[in-house]
């Protein structure tokens, strides 16, 4: 039997990155360094970086070195055409709204980590293992917006990713009636320079601008159902209190959930841990890991699980007020941002939508 | 008009401290340095410190210098008699159970910060502003245990203190039906050496041994009613998920509350901020402070409010699932431990129970 | 004997603060809240704050509340006239150069914490206990620059303040031949937002822009001699490697020093600890404290010594290469910035130069 | 051409780990998980772990999961025989002295990370790239101590590893006359629980028990010359001031060096970056990396260079007092502890001493 690497027979998709110098843009470069399906062909960033080599334009902040293959790429302006097949966007909301539409209109599939289109009716908001069927919206989107071949697909806010997957598992099996979440979010979620050390050293910030509404509404959309040309949002209430804590990477969620059907503790464990994974390049072997250790999950010890793409859940207990409570954790810049977008792109290829 | 200091005409009560070398014991020394009603006359600690001058026995960890008046006191064993009128105890649970009873039986009022007696039926668990009438249990305790003049009075777990006061305010005015709390607790709550830096740097610990049950049951006792010779615990459910975060001092609580009566946001604010303070030496001018700043309370900026004895509340909002949510904060080693015990002692004097 | 408060008989000097909304500006407000000689009468800041009440313009970051007396003061532009007798400046270098000169020319004594004039030949760079005689430069300055009544007096870079005082003590007694310093500096030294948490959490920064040359040259000027109309800088070499560490307040310096005369360890201790303090309102009782504890000084435990105005020195030992080594610490935003400027102003009053 | 993995034709050496449950012991398990030359066959630890499965006995603190191959191994007492060919020891000094000798006497090669034998005359203290010829001491050791086949080989203190390699490069080329070092060391160097968070959060510790003498003497031995049956220690003075900072992994050293011969900056750079690497399994491609970025090395960004086995050097400048200064960094639990021992074992195999 001959075992031939996929990458040896397939031409790779050429990727352009919008917002390439930011923290999520850097993660894109890191994740795509040796990716079998993608290769970076274009980098775009704001005015002040344009014309410089990426190496000069970017204040690299990751602990692995800047990949050789991007160091000399000249940064281009954020406007089409870009020499690529797909566009990954990690633009800040302020510029993303216009730029992403322009690229989609110019025929590019836009895989966006920005928040601006997530809650638009005709834009898929995707966690591949949870709601890949929502990609059905793409056709609607193209029709409605007059896009020819291009489209916009988004991944959720990083806080949402830390708790939506176990809720999906419980909802599918027992029906979720309500979910109250308190998040303890890492500073990398704010990008760079982001959170000032004077604000977070020996401190907790009880407020992250705009985060609580995002966490509440995006979860309902992701767990909603595609009905015809629209998503019918999940009919359970979500409450989110969002805190910033002194952690570099890894969002932790304290979750209390009420279920529509009675469930034993063992069934809760099983529903979460057996939720199916996908077979994409960046999919972890275990989408969700349930830890039996009473002191887990912990961001520093569990964020890298599944190469930063697994969700780790622990401390599942019956609750005095809600039916169950648990703690859930995900890597906010991998599963919650750049890795999420890459996984979405892999899904789109798998579904032959690119 | 002659303005004479109270301390100039009154003899001070002489205080003995059990567990004097620990972090809470050190706080006792700090708080009593210039106290108008108390002076430290005896320090007791475990075997290994006995016979040494306090200065030698104690690895002082506070940012103010060790008070002159305790430096040379010789540390004594933890057993009566101690040359003092009142005993403050910050013993670890393992030794507190026996030692505190022995001291009470020997005639000493024992003001305890330990957890072991807090939930005993005949032991008052006091936050002076909230339930000073529970001191009525002392008589029952003395009768039941055959104590002559001595007794044990306790203050709550430090996590409870961060959220019980605003619940008390809401319960008194609107009736609380349930309260779901997620705490973000400081490392000083675990004493010294306590939390290893390897466990909390760039991390969150989702588990504090024994903390969640304490937080759930103590709140119900404090907000309960003294009926005859016992406390009838408050009839609302409490759920607590307790996290350790990388903060030195200051426990933050994310609270969701259901009320029995309808209340407007403005009324909630008012019920909390107008809850009466007491007129004891260590009482803050404002027992509870409601901050309008959307990014408060923060441990580093608010823990010292009212000399570390005020509770700071903020981010009070209607909630999607519960009636209201808010964030509440207290200084865990002041209002939540040593300061709480000192305030209890002041209350006992004020009530002529010492 | 009648003990009358100074403040009851003296009119207070009215102070204007340039750069009032920054971290050092906030410290000025804090330090002057109950100052017997000064009262704040004017606050000035950049364009974007002008016209707002200080309360609205300033993101207050200190752990004590914003003083009542400044909350409603309307922020004015950074240009004379300001309704005040003295100007304290904590402007960033970029605007300080022009603004401070304009104020001095307009007749104001300018007490500056900015770096731009520190090394100018005719500008005193003062640590009151060390080189108050350098104030003799003021006359030269006024003559040379054509200032009428105004002038500029500066305090040193916060890193310098952590090691220059013990060097001054040793230089005066034994002569310093060279001093090699490695600093471990707190994040507050960079102002707000200053250091990004992503740069300093679980990290050390080996570089602070412009800091090493400042540390090397300012120390030589402070320890220099006023000869006629100029300072003859100290004739010893200074080497400084400057690091940023994950500490909120308190700069630590690792110092190695060669002396011109032989000295016993005991003499070194004595020379430092007996260096005279001054009798100004903000002077600490002990200008320098020598700790015998092998694990001190530590920023968190020692930065508040002398209300943040003492220098704490420890670990004085003979060195394998240099004559002696020691560790020295000062509070960088108090003794090293705002407190330094306030002390300079007190000195100027004491010397009848204001 | 047939490319056959070394591990497929060679029997692996079977390794026993003494002190297997500690932080360095855990690193051994992690590093040997897929090692081509070694496989773990025995785990030994203190009384309290003996008889338990490693999985139960060990509080795993690394961010990668505990390897499958060790989870079920039963922990044995720290005494021979152990079912293995080589012993790796990370025992605390108190027990290492006796245990390591016993194992060596019983015929085991003991690769030790403990400090107790490092400075013994007949024990090699090895950084493979720097002084592998010191292995010549083994024969002397066996003769002197009456060991038959066993012996003890040690690796240096983790602080020393951060600065000795660049000193070796400079000494070899220009001759080092003196080296003054200030270290900023990570908390993991103290093991687990090690440093209390209350001691290091918002703080610097200026003292690490026993560290400064180790740093000063070990460097001289490593850079010394094997003359006959003994090491003649390097004839330059070393001064070390050692600080603990709030960093998880990665020791940073601030170094000032005087050279015997004149050297240009460019030559310094070149001498360090061109120092030869070895061709062992755990050797990094680049033993030392010289960074041109003025803000490097940083622990969080550079400690993983070369899989945690490279030394990163930066900020090389002429100094005002010494000839040159620079900043050097190494991963203290990889290159400075477990990785060092594994590399020593690989070296011993390569030299056919095992």
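Some observations on this one:
We call the chains A, B, C and D, going by the order they appear; numbering starts again at 1 in every chain.
Here is the rule we go by: a residue touches a chain if its C-beta (ideal position, glycine included) is under 8 Å from a C-beta of that chain, and two chains touch if they have at least 3 such contacts.
Values in this document were obtained by computation on a predicted structure and should not be read as measured data.
By count of C-beta pairs in contact, A-B exceeds the other of the chain pairs B-D and A-B. Taking the mean of C-alpha positions as each chain's centre, the chain lying farthest from the centre of chain B is D.
Chain geometry summary: the mean Cα position of chain A and that of chain D are 39 Å apart.
Taking the mean of the C-alpha atoms as each chain's centre, chain B and chain D sit 47 Å apart. In whole angstrom, the spacing between the mean C-alpha positions of chain A and chain B is 43. Residues of chain C in contact with at least two other chains: 61, 201-202, 246, 248, 300-301.
Considering their complex, residues 23, 61, 187-188, 192-202, 246, 248 of chain D touch chain B. The touching residues of chain C, counted against chain D in their complex, run 178-180, 182, 184, 201-207, 216, 237-239, 241, 243, 245-248, 252, 254, 256, 294-301, 314-315, 319-322, 325, 327. Every residue of chain D that touches chain A in the complex is listed here, in rising order: 61-65, 201-202, 248, 300-305.
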